[in-house]
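Each of the next two complexes has chain A plus one more chain, namely chain B in the first and chain C in the second.
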Partner chain A sequence: MTTYLVRRILAFVPLVWAIATITFFLMHAVPGGPFDREKPLPPQVMANLERKYNLDKPILVQYGLFLRGLATGDLGQSFSQNRPVTTIIRERLPKSVQLGLCAFSFALVGGLALGVTAAVRQNSAVDYFSVVLATIGASVPNFVLAVFLVLLFSLQLGWFDVLGWEFGNYRKMVLPIVSLGMLPLALIARVTRASMLEVLNQDYIRTARAKGLTEFRVVMRHAVRNALIPVLTIAGPILAGLLTGSFIIERFYAIGGVGTAFVDAVQLRDYGMIMGTTLLFAVAIAVMNLVVDISYAIVDPRIRY
Partner chain B sequence: MEKFNWRALLGLFALAAVVLAAACGDDEEGGGPGGEAEQPRQGGEIVVQYLEFQSFDPHFSSFAQDIGHQTFVFRGLYKLNKDNEPVPEMAADMPQISADGKTYTVKIKPGLKWSDGDDLKAEDFVAGIERTCNPDNAGEYQYLLSNIVGCDDYYAATDKSAAEKAALRAKLGVRAIDDTTIEFKLQQPQPTFTTILTMWMTWPVPIHIVPDGSTPWPEDPTKLAFNGPFVVSEYVPKERMVFTRNPNYAGQPAYLDKITFRYIEDNVQSNNAFRAGELHMALADATNLKALQQEFPDKLLSYVTPTTIGLEMQLKKKPLDNLNVRLALSRAIDRKALAENVLQGAVTPTTTWVPPEVLGLDPNATDLFEEQIGFNPEKAKEALAAAGYPNGQGFPTLSILIRDSAGARATAEFLKEQFKTILNIDVNIEIVDAPTRSKRFTEGQFELFPGGWHQDYPDPENWIIGLFDTGGTLNNYNCSDPEIDDLISKARYNTNDQERREQYKKVNELISTRICGVAPMYHSLNHVLIDPRLKGVRENATSQDRVLAGDWAPELWWLSE
Partner chain C sequence: MASEPIALPAFEEFGLPVRHRGLWRQAFDRLVRNRLAMVGLAIVVTMAVLSVLTATVDAVGRYEPSAQAVREAHQGPSAAHWLGTDNLGRDNWARVWEGVRISLRIGLGTQVLVAFIGIAVGAAAALGGRFLDNLIMRFVDVAYAFPDLLAIVLMRAVLSQRPWPIIGNGDPQIPGLPGTILQVILAIGLVSWVTTARLVRGQMLSLKASDFVTAARALGASTPRIVFVHMLPNTLGPVIVVLTFGIPLAIYAEAVLALIGFGVEPPTASLGTLVFAGYSYFRSNPWMISVPAATIAILMLSFTFLGDGLRDALDPRGRR
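Here is the complex of A and B:
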């Protein structure tokens, strides 16, 4: 297990390097630079700006400078905000992580409960309700859902605020969490239901029932645990996605997270921020995949590394 | 691609929101425009939508939202009043100008203080000019200080050694004679120099905090010292900035105790927050304007901003070098239909490059050159035939370069359709993202290009110099007209204000009627939702506004009970 972990973690280094290199050259190949503005700048201003941010140097020199910075954890300066990229990410990531964790908990608890209940009471009203909810959750995009939630709960009922995120203040938490968590909830519910249905037909469930265990014990101890593996597989990438923020939800509720940073950076050709956010996403996904692989071993004793 | 699909959808749902809200009846509060005169009152706190700044350094910034923030907390020697005339702000009086018009001496008010209690001295103002001319700081508005002796030389010293840069800085034509007197040396007498001294790139530097021009501005704006009506007391990136009254401000103290900027990029949502009472002022969602006019007849304020958008044409590309071709294209554009139907009344149609009010004309005189270049299908066809392309025969396919946005697409589609129906010519629409479009524009790699100019300061020269003189740094459509060049060279350093304005009026006429690079189409409007209790905003909405109505003078905002 330890060697496996060390090997996996060491593999992050070439992964990060490869992603950084590809992104670096791709973004410099795209036409237009950070100072190509709607209102054009005079040539001398352009020259001084490029000097200030080392953009006047040959591309390979810039690449070398970037790699040197990366090795020391310095991602350089954001052109659009005149501050270090690492500072910006450090400021914004906590909000995305808070929101992401809340949305993930909402999705996981809701999705599992819905999926398990639906499978246990197959073809009942609960099951139909869960299928309908899962279908709606999966097919209604979150920006549409967000607009409806705001219309109903903020403007009509006045229960929640229209804007913002503040941990601990329910008026500012519920709508972003539901908007962000509904799609993963639906996905988890569907996968759980399907997986539970399969497990409930297994011989060992019949054995458990034959032993005279209560239905609750059968489901919770024997079925759910085995049904979790497919859920875990999708939960990892879902969590990685939620933690690194959502462009649409953060923009809509005006939450200063890291989700908006990536799209903004690309539109502004903010090279430092593009690299910073790309690497953040890459590392988050790699780490979550590792966590999923480890948790397989915990859930399923047959899996060993 | 994805972005605009969801934006369009958002628009639809916003519409639904409006219908719902309207159906449920909106309680109108009293006190709309035209109520009895109420006296401004001290105190109160408000929250308004704003766009986050990119740089807080006035000697570097060029974005409207940056300058908007800075106006709350910094001020220069002079400021423009509501009528766009320079009046003393930190200065004690108007400048003393030498007989040759090349030396300006300015006395500042005695006893000026920064918000942290440090003395605000003449050398702080000198440091501001030095910082803008400093090549290492790379100030984006340095070119407005070109006329100060040595500023261009210093700014161009990018590759020089530190010692050479220091020598060039020492040669700058600005110095502190004593603690309260500043002297500026100009290369040429400049009639607009006092106006330049109202602008952000000339504002003082708290040198007790930022000692020299190469030191970056502090990352945390609350660590700065301020000389404007407010100070920054809290800043949460991407979320909000809180301003409180500066007790050391030398002008009339601000009425409001506290103003919070809430950073919101999505106007659909800021409008919802305005409906829910979370904001006192918000930018109206321009894609939903007609519904907002119904919903908020007393709260929606629409007014002309100093922006002109036209169809820019690359004069180096055939057949656009032919005046008759340009006339044909311009006359085939139904500007009223474009403004009303395509852009939902978010703009106002025009045929003049420089807005009428900047030229000192009636602001409603928008159809100045309607006769020559305005919509007229018959005259458009005649001009095209005169250019040698009767009924569009043999006319090459031109391309319109636009950025990927809903408004730009709609405009381009409209133009394409008009050119086909009226002139029987084909154009391609080429869609790229914003930086690519800008790059192509500065390199002159375009044929037709919807674009324009937003004013930096309210003087006709700001609309013309560098933009239409042969070889001008911003003249990317290659306008080159001896008559225009001659008039610009005469007007530029003409200290006879009236004569100078007449000369620019003539230049504007030549640019507009000869379509020297741009066929004007419309002036943009600013649309703002304002809580009726918030006063001093509507009254001060002018062309100096950066983002919100009246944000050039937040010290005049107040809240009625």
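Here is the complex of A and C:
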């Protein structure tokens, strides 16, 4: 297990390098520079700015300087805010993480509950409801859902606020969480249902019933735990999707998280911020895939690394 | 053994016609029997036809999508404007069908690009030797780790504001395909081919080792013949499924681009652009945002139904 972990974590290094390199050359290929204004700056000011941020050097020299900074954990300065990129990300990260984790918990709890109930009561009303929800939820885009949730619950009923995010204030939390979490909830419900149906037909479930266990215990201890593995498989991509997909929801509800920072950075050609946010997302995805792989071994004792 | 064809007496004895049904024909029959897939297909075809009719027949289109009538701005549905009007008094019915036309074009165009790149790269990886395979697969690994939407946004930014012919800004050089639409198609397509390439590679690798390919080689078939006549048609089923599911994803990606201001540029308006425009008038005129938003959802849902049906029809192993 330790060797496996070390090998997987070491593999992050070439991955981060590759993603950083691709991002570096892509963002420098974006037409226009970070200091382009509608009214051009005086050439002297422009030259000074470019010298300050090393933008006057050849691209390969800039690339070398960037790699040296990256190796020491320094992502450089944000051109638009004139502060270190790491500081800005640290400020904005909590909101994105809160939103992402809340949406994930919502999806996991809701999806599992719906999937398990649907499978236990196959062909009941709950089952049909879960199938319909899983189909629709999986193909209605999150921003469309956001539009209609806000129209109904904020503007018509006035239950929740239209904009913003504030941890602990339900008026500012429910709509973003539901908008972001509905798609993963649908996916989890679908996978859980299919996997539970399969497990419930196994011999050991009949054995558990035969020895007189309560139905609740059969389902919760014997069935659900074995049905979790396929759910875990999709949990990794789902978490990754929640992180990167969140920028549209962040934008919609005007939540100043990392996703919004990325979008603003691309519009402003803020090289440091583009790089910082992209790398953050990529590393987060890689870490989450690793966590999922490790959790396989915890859920399924047959898997050894 | 004589090479006489095996007789099929049973059917004729019972007076039944002999029906030779190929694999494609069987798949097609399975698709037609799938009610949800047929509903999806019907909606997609209806929307495509309507979006073309609204552009060509005045009685269906009713208004020019870009015709402004400021006095009639911000109206709800009425006999004159079935789906209301926007902030400049433009008719939502006409605008939304123009949006469908653009979004469909982007969805389909992206998948054409994805099909070409995906099949070419996947086949190259499977058939081009170990070095090429390694190189491509390492790149695919990195591409998988790169968040798709971020890559699409970056790629779109790279392609924007270019003086290039055909895909540059300015007057459209291909009728009906202005440069900014092509930029969006390119940005999404250049990021989304990875799944298709990986799928084609896997299919090709297993086909390469299959008995019928060995048999074809033993009979002296040339490599191009084996690849194009024997292998490619056999990879097409799963590829069609992936491409169909790719259409709603591309429509979604385009809408996301539009929502952050990187979509097609005015006066062209995709569904995403319309949602983005409606966002500013959320409170005063909910019709302006809800009509295109609902249309995106219906369009994506229909393509997903169709994709589900195609998957069940084309992949007999996955059927229950």
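Definition applied: the second predicted complex is superposed on the first by the 288 of 305 C-alpha atoms of A that agree within 3 Å, B and C clash if a C-alpha of one lies under 4 Å from a C-alpha of the other, contacts with A are read in each partner's own complex, and residues count from 1 in each chain.
Here is the rule we go by: a contact is a pair of C-beta atoms (placed from the backbone, for glycine too) under 8 Å apart; a residue touches a chain by one contact, two chains touch by 3 or more.
On a predicted model such as this, the values are computed, not experimentally measured, just so you know.
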- Message: Based on the shared chain A superposition, would you classify chain B and chain C as clashing or fitting together?
- Response: clash
- Is A:303 in contact with chain B, with chain C, with both, or with neither (first, second, both, neither)? neither
- Message: Looking at A:67 after the superposition, I want to know if it touches chain B, chain C, both of them or none. Which is it: first, second, both, neither?
- Response: neither
- Query: So, A:87: does it touch chain B (first), chain C (second), both, or neither?
  - Reply: first
- Message: In the overlaid three-chain picture, which partner chain does A:278 touch, first (chain B) or second (chain C), both, or neither?
- Response: second
- Touch check for A:151: first (chain B), second (chain C), both, or neither? both
- Message: Taking the superposition on A as described, I'd like to know which of chain B and chain C A:248 touches: first, second, both or neither.
- Response: both
- Task: Tell me which partner A:36 touches in the superposition: chain B (first), chain C (second), both or neither.
- Result: first
- Query: Between chain B and chain C, which makes contact with more of the residues in chain A?
  - Reply: B
- Touching A:141 in the superposition: chain B (first), chain C (second), both, neither? both
- Message: Is A:10 touching anything from chain B or chain C once the two structures are fitted on A? First, second, both or neither.
- Response: neither
- Task: Between 7-15, 385-393 or 457-465, work out which stretch of chain B sticks into chain C after superposition.
- Result: 7-15
- Looking at chain A, which of its residues have contacts with both chain B and chain C? 30-32, 141, 143-144, 147-148, 150-151, 155, 162, 248, 251-252, 263, 267
- Query: Which residues of chain B touch chain A in their complex?
  - Reply: 3, 6, 9-10, 13-14, 16-17, 20-21, 24, 54-55, 57, 60, 62, 135-140, 142-143, 152, 155-156, 158-159, 216-217, 219, 236-239, 262-266, 268-270, 272-273, 275-276, 278, 432-442, 451, 453-454, 466, 473-474, 476
- For the chain C and chain A complex, residues of the former touching the latter: 141-142, 145-150, 153-155, 157-158, 160-162, 248, 252, 255-256, 259-262, 275, 279, 282-283, 286, 289-290, 293-294, 296-297, 300-301, 303-305
- Message: Touching residues of chain A toward chain B in the complex: what are they?
- Response: 30-34, 36-45, 47-49, 51-52, 80-83, 87-88, 91-92, 141, 143-144, 147-148, 150-151, 154-156, 158, 161-164, 248, 251-257, 260, 263, 267-269
- Item | Footprint of chain C on chain A - complex, ascending | 15, 18-19, 22-23, 26-27, 29-32, 135-136, 138-141, 143-144, 147-148, 150-151, 155, 162, 240, 243-245, 247-248, 251-252, 262-263, 266-267, 274, 277-278, 281-282, 285-286
